[in-house]
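Okay, structure first, notes after.
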Amino acid sequence: MSGLPPLLPLVSDADAPPEVAAVYADIRATRGGDFINNFWRVLANDPALLARTWADLKAVMGKGSLDPLTKELVYIAVSVTNGCTYCINSHTASARAKGMTDAMLAELIGVVGMANETNRLVTGLQVPVDEEFLAR
Amino acid sequence: MSGLPPLLPLVSDADAPPEVAAVYADIRATRGGDFINNFWRVLANDPALLARTWADLKAVMGKGSLDPLTKELVYIAVSVTNGCTYCINSHTASARAKGMTDAMLAELIGVVGMANETNRLVTGLQVPVDEEFLAR
Amino acid sequence: MSGLPPLLPLVSDADAPPEVAAVYADIRATRGGDFINNFWRVLANDPALLARTWADLKAVMGKGSLDPLTKELVYIAVSVTNGCTYCINSHTASARAKGMTDAMLAELIGVVGMANETNRLVTGLQVPVDEEFLAR
Amino acid sequence: MSGLPPLLPLVSDADAPPEVAAVYADIRATRGGDFINNFWRVLANDPALLARTWADLKAVMGKGSLDPLTKELVYIAVSVTNGCTYCINSHTASARAKGMTDAMLAELIGVVGMANETNRLVTGLQVPVDEEFLAR
Amino acid sequence: MSGLPPLLPLVSDADAPPEVAAVYADIRATRGGDFINNFWRVLANDPALLARTWADLKAVMGKGSLDPLTKELVYIAVSVTNGCTYCINSHTASARAKGMTDAMLAELIGVVGMANETNRLVTGLQVPVDEEFLAR
Amino acid sequence: MSGLPPLLPLVSDADAPPEVAAVYADIRATRGGDFINNFWRVLANDPALLARTWADLKAVMGKGSLDPLTKELVYIAVSVTNGCTYCINSHTASARAKGMTDAMLAELIGVVGMANETNRLVTGLQVPVDEEFLAR
């Protein structure tokens, strides 16, 4: 562990009540590995929050009309814009596991930087929306 | 035009000095159409800012190790997280022109929502970064 | 008035209780004009909040080691980064009254855009702080 | 170095390919010193991103209608609002090198705090923009 | 409806497929009224996203160790900090229905403003966490 | 102390000029304890900023139409949304001192996460405000 301690303790496998143990088991089965990262171990202090968050993430991040790697890139983009250090570290690890190369990461961050810049140029000059964009 | 007026006027083709006209011409050539959206027309009050921003955007958003549609999805994700109405409207239009369907849009926004949620869960509980993520 | 209605009504001069009237009078005396903008008229629903906010703003935005125009530019930079439309419109008006030209505005927004971009590049790549910067 | 490791390695002088070495040389020539801070060394993993970002920053932060110190103060204001620790540390160092005193820093942060407060008061009460502000 | 059109159409009762109709029915039963606000009608373009979001919101906002009005106040605080106009308008309506008075609203927004101010003072001066706070 | 050093030094009791000493004394009297946390000790470099911020916080966070614990929960919600680590650590300590349990904290963070999610869903799909919400 690095940095400051969490606000609630990490729930180990030994301390996990049945509802938590069930989620841990499903994380392991879904990911095909034993590792449970700290995010889930802290959420486990509130078993309902843990179960809901894991079910949602599994539903959202799976294959749909967008592929899982694209979703990880989007997740990183949001996490960078929000400045969430943990999330950047965990989702770049996930994205790499799904095929993101160093070149893709650098290019992604370049897009994120550019989007943040033009978002502020637009807002700073109060650019009005073109009627052309409103014809859905 | 909808909404409040911009802080600087829209620069029409007729009022464009040569450096601005050159950028407008390149935008039209690159995009294969006559339409110049308000973002560029407001930036044109500062020709150096216009030229630099357009050159950067062209460089960043073209094909590289990520494809242009993926980059548009990332752009939307950032714009939503920053709450930039203009940018959401303009980049969803660009993304649709590059193949984004309604199903992809809804799925994208679902990921963006989820990422914003878990970013705050992580921050709110001060989850420490796992050592496993730091082994680059 | 443009846009959606406020969550609490605008307090007119006629409806202002004595504590509010006193703040309105001080705003007029300080600014040398009759105009009281909507911000103060909405805050006036909570006279203590109005009085405190006005006293703070007067203390903070006056001349100190930074001049008032520089402070307005900083105020705009923050308001753009937060996406506060009202604040951008009101503080660009204030800044113009203190000497900000169109060229200065465009240049300011260019800096704000650039700072937002590099903030995200730094965060996105998790750049560690150089020891050289920590030697205060 | 302090804190977590970067997502891409720092590019040393010895490992720099020619395009990177050229940017490093220009940074040194422009700033009149040997020190290259981590931001550039991480960006150097993507030489095009490095070259573009440096060229932009040099263009944006130089003397124009706003002086370089004012631009650094604006940069700090944005970095604080975005919560970018690296950026706050690096740009306060730059600002101090350009003349910012401790008194100016404290006063700047006071303005940034106040702007963040009133931005939220405005948004929280949904204050409508005064017509007076729209007469450009 | 006010403002710009949504990116996906509002799904009317007549156009709702069975999964959407079921959620609409549960919203009506839970809230004891016929009104379905635009948020749900736009989400309904993606029935799975609609169902998941409604189930989560119902689980999260009900009575637990915090009462429902307190949760609405927290929701408003987040929405103001994120600058989400729709959310501010919808959740202040919900909070009023649960007993929030004008005085409570003004006081809440005062706290939100203050928190945003001190958040930036802390970040702007890079205040280190006291060891006293880390003894959980 | 943990983490990076502050940008301005911590002002000890021994170094405090009279205006600072007066604020320190009032903090101790109000809180009924000797501990002065780093926030105040850094602000003390600018005695006027210290005095103003303390007076405001005391006025805002006391009992009014909202109780002090509810205000602390709101403060945490804002601090999490802004990603202010110091503020999260200091205000969760304050909230616990006023009665917040672990269950309340987890539930609070769940609401904060949910609000951040739906804020982005709303913004991402550009949901228009219902006329029903505008009838104040």
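Order as written gives the chain letters A, B, C, D, E and F; numbering starts at 1 within each chain.
By definition in this document, contacts are C-beta pairs under 8 Å (C-beta built on N, C-alpha and C of every residue); 3 or more make two chains touch, one makes a residue touch a chain.
Worth saying up front: this structure is predicted, and the values here are computed from it rather than measured.
Enquirer: How would the subunit C/subunit F interface be labelled, same or different, where same requires over half of its residue numbers to be shared?
Expert: same
Enquirer: Between E-F and D-E, which chain pair shares more contacting C-beta pairs?
Expert: By the number of C-beta pairs in contact, the winner is E-F.
Enquirer: For the interface formed by D-F, which of the candidate pairs C-F, A-D or B-F is equivalent, sharing more than half of the contact pairs by residue number?
Expert: Match found for D-F within C-F, A-D or B-F: A-D.
Enquirer: Need the CA-centroid distance for the pair subunit A / subunit C, whole Å please.
Expert: So the centre of subunit A lies 34 Å away from the centre of subunit C.
Enquirer: Can you compute the centre-to-centre distance for subunit B and subunit D, using the mean CA position of each chain? Integer Å is fine.
Expert: Distance between chain centres: 21 Å.
Enquirer: Please work out the Cα centroid separation of subunit C and subunit E, and write it as a whole number of Å.
Expert: Taking the mean C-alpha position of each chain, the two centres sit 27 Å apart.
Enquirer: Would you give the residues of subunit B that are in contact with at least 2 other chains, written as numbers and ranges?
Expert: 2-5, 7-8, 49, 53, 56, 81-85, 88-89, 103, 106-110, 112-114, 116-119, 121, 123-126, 129, 134
Enquirer: If every chain is a node and every touching pair an edge, decide which shape results: line, ring, star, complete or other.
Expert: complete
Enquirer: Show me the residue ranges of subunit E that touch subunit F in the complex, using the header's touch definition.
Expert: Residues of subunit E touching subunit F: 1-8, 35, 37-39, 42-43, 49, 53, 56-57, 60-61, 64-66, 70-71, 73-75, 77-79, 81-82, 84-87, 89-90, 93, 101, 103-104, 107-108, 110-112, 114-119, 121-134.
Enquirer: Once bound in the complex, which stretches of subunit A touch subunit C?
Expert: Those in contact with subunit C are residues 76, 80-81, 83, 85, 88-89, 106, 108-110, 112-114, 116-121, 123-126.
Enquirer: Going by the contact rule at the top, pick out the subunit B residues touching subunit C in the complex.
Expert: 4, 7-8, 45-46, 49, 53, 82-84
Enquirer: Spell out the residues on subunit F that touch subunit C in their complex, using ranges where they run on.
Expert: Against subunit C, the touching part of subunit F is residues 4-5, 7, 9, 48, 52, 56, 59, 129, 134, 136.
Enquirer: Mind pulling up the subunit B residues that touch subunit E in the complex?
Expert: Interface residues on subunit B, with respect to subunit E: 2-3, 83, 85, 88-89, 92, 102-103, 105-107, 109-110, 113.
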